[in-house]
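Have a look at these structures, which come just after this line.
Next, two complexes with subunit A in common: one pairs it with subunit B, the other with subunit C.
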Partner chain A sequence: MGLLTNLRDSVSRVTDRLFTDSEPKRIGIYGPPNAGKTTLANRIARDWTGDAVGPESHIPHETRRARRKEGVEIERNGRKVTIDIVDTPGVTTKVDYKEFLDHEMEKDDAVRRSREATEGVAEAMHWLREDVDGVIYVLDSTTDPFTQVNTMLIGIIESQDLPVLILANKTDLPESNVQRVANAFPQHETIPLSALEGENMDEVYDKIAEYFG
Partner chain B sequence: MPHQCTSCGRTFADGSKEMLSGCPDCGGNKFQFKPPGATDPDPEPGSGSSDRDATAPAETEGQTASRDDAEPRTRSNSARRTADATTDATTDATTDATTDATTDTTTSVTTDAETDAAASGAEADRVEAGDDAATGPEVDAEDRAQASARSDVVSPDELPDTDGTSSRPETGGDDGGGPHADERPGLDSLREELNDQFESIRIVGQGEYELNLMELYDRQEYIISLREDGRYVIEMPGDWGPDDE
Partner chain C sequence: MPEVTSDESADEPDGGVQIDLISGARMEGLTSMEKIRLILDGVRDGNIVILEEGLSPDEESKLIEVTMTEISPDDFSGIEIETYPQSQATDQSLLDRLMGRESAKKLTVIGPANQLETLHKDETLISALVSRK
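Let's turn to the complex of A and B:
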């Protein structure tokens, strides 16, 4: 019976996908470490579901496993958009445990965090290949956006023809330079925001509804 | 002495398991195959030198293939296909040239050792080797030794250096490295080997990694976890069910 039930469930899931227009889009939140991805994911999830997605930290690579928040309903202009949010680990080309030692971490913990962060990057890249329908690319607007990681990821996203929204985060900081982000990726619209302070979230939700609805 | 270490010159009987973890004397991992008819260490003019050149890397590859674990194997599908194709071709060629007993020997050498050596060149060399073996008195002994090498698992006391991976050549990728994995003497070479074969993540040192994002993105296998001894656990596409998301 168990087999039959599983089979029936699988078939109904597949048919649901084929024939339901309202299947939530799975939106991956990508970006380099410490750009504010989890802060943004938590902001969106709290605003629309009341729950958080995961812990935030100023120490890089706090998110080392992709976390998903399903069925986030965003209402804009009388219209509802349902998305699944995937908060992914920060993508980088180098992980070194020594950078965690500056945050008063023991060596063993730092080494373990480093290993988990590396696994996290692999997972994030895997999700990008297999499992996302759109991307919110979060950048720290106080740092230089012209990096190998950003160029490569945006290139991959473009090659996949995935809709992408570029967010210039941390506008609450005095060093923030949104124009620099906009200049780095002129082919995409750049939305400034402070996920921490909740600044300009209305425009972010408008754009999410427009891009992923 | 069918096998000779290219570094220190130590020789090994055909099918010797001592070579599987590198030369016990110098640690070298390149060996040249010397069929019974060609025991002269000096390269002979003509066919002798080409025989040695082409055969040595094939033996080295075979040694690597038999001791590695899940990670390198993930990358060797195409190599296996090559091996299959070459096996067929070699079997045919050898059957024409030699006796049935030699066909068996030659086929198994090809299956075990062949990976990416050029099919045509390697094939010709093996036919030559088969001719020599057929005329020599050691054919039966070599068959047994090779059969043993193919089917047996090396016991730890046969190995000069304790290398946990060698004793379990066909275990899955999720086997643990053991509590003292980091202390194993071959760790650096293992890292080196993995880095060469698995370029998506380069292990620079303990807790230090370099990632090739394009490679990570391009590969179908999904790296689930890294082990402290530098090994990986990956999820193969074949394991993905329709419900895995």
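Let's turn to the complex of A and C:
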């Protein structure tokens, strides 16, 4: 009886693993607004599927709905890793429609954009708690990484034991300071890149395969 | 335990800014949503809320989510929140985290985004400017 139970458990473990491995991991791209999350999502999607994920913009909160690109197959060292990329709205604790007026937007459009942005942030937080298997955390390496949103989000990700890869984006800009990002989160590996220019994407894909494969 | 209600702020002198320093003991018996309600009710009244022991990562996540649902144009634009930057999660053992022993004890300052501005923050100091509405 004991032998049968052990055998059944072993078979169950193997089949569980087979099914788990065959399902693509959902990798959320998180970070503050304007860090380059959509640019990165588009870069990854275009490199491996030929399609884009969504529109990019210098105006904050361009992405106001989480967008998923399913079944992105990344090939590294003869091995294939399949992931679903989830591009999420930039996380913040405040949204004031007046900041959009500076981008030559009419008040009605600014108010609508801010309302959509708040819904998007709430949605992003929900995805983080419930629906992602790993996180790519994107930071603009030209700005101070010691912000409360970054501290809180990394804390939330760590508390859920999700694998996280920190990317210091915008290395094509002269003000970029990758070391400052690395110093802010010494407990994690920081990979520099320019998603816009496609710089250092090979290392990014190596790490995606290593962390989420 | 007496209930903290937002109308306590009605007694504030004109032009002043009320600061609520909430002890860890006061927060201890509350559920996550009660804590978030307590914070947001205070902040929406224009108060600065200081938590002796902060929130857990999960509660912080819900605080962001609920804050977002309450933002409305020309009325409430969200919160400013500050804690000391630290990497406590890495100092915790996996067992501690599995057992739910989260070392969330970190002083936390929360205020209305249009009234609280962080001037400087490092591992040992939070310097903030509080303005009237």
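What we mean here is this: the second predicted complex is superposed on the first by the 194 of 213 C-alpha atoms of A that agree within 3 Å, B and C clash if a C-alpha of one lies under 4 Å from a C-alpha of the other, contacts with A are read in each partner's own complex, and residues count from 1 in each chain.
Rule of thumb we're sticking to: a residue touches a chain if its C-beta (ideal position, glycine included) is under 8 Å from a C-beta of that chain, and two chains touch if they have at least 3 such contacts.
Everything numeric here is computed off the predicted structure, so don't read it as measured data.
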| item | value |
| --- | --- |
| Subunit A as common anchor, with subunit B and subunit C clashing or fitting | clash |
| First (subunit B), second (subunit C), both or neither touched by A:131 | first |
| Which of subunit B and subunit C A:121 touches, first, second, both or neither | both |
| Touching partner for A:66 - first (subunit B), second (subunit C), both, neither | neither |
| First, second, both or neither for A:191, with subunit B first and subunit C second | neither |
| Subunit B versus subunit C as contact partner of A:97, first or second or both or neither | both |
| Partner chain(s) touched by A:74 [first = subunit B, second = subunit C, both, neither] | neither |
| A:146 touches, of subunit B and subunit C: first, second, both or neither? | second |
| Partner chain(s) touched by A:156 [first = subunit B, second = subunit C, both, neither] | both |
| Subunit B collision site on subunit C, chosen from 62-70, 80-88, 98-106 or 116-124, when both complexes are overlaid on chain A | 62-70 |
| Interface residues of subunit A shared between complexes with subunit B and subunit C | 91-97, 111, 114-115, 118-119, 121-122, 125-126, 128-129, 152, 156 |
| Residues of subunit C defined as touching subunit A within the complex | 56-58, 60-62, 64-65, 67-69, 71, 73, 77-83, 85-90, 97, 102, 113-114, 118, 121-122 |
| Parts of subunit A lying in touch with subunit C, wherever the complex brings them together | 91-97, 111, 114-115, 118-119, 121-122, 125-126, 128-129, 146, 148, 151-152, 154-156, 158-161, 184-187 |
| Residues of subunit B that touch subunit A when the two form their complex | 200-201, 204, 206-214, 216-218, 222-226, 228, 242-243, 245 |
| Contact set on subunit A toward subunit B in their complex | 10, 13-14, 91-98, 107, 110-111, 114-115, 118-119, 121-123, 125-126, 128-129, 131, 149, 152-153, 156 |
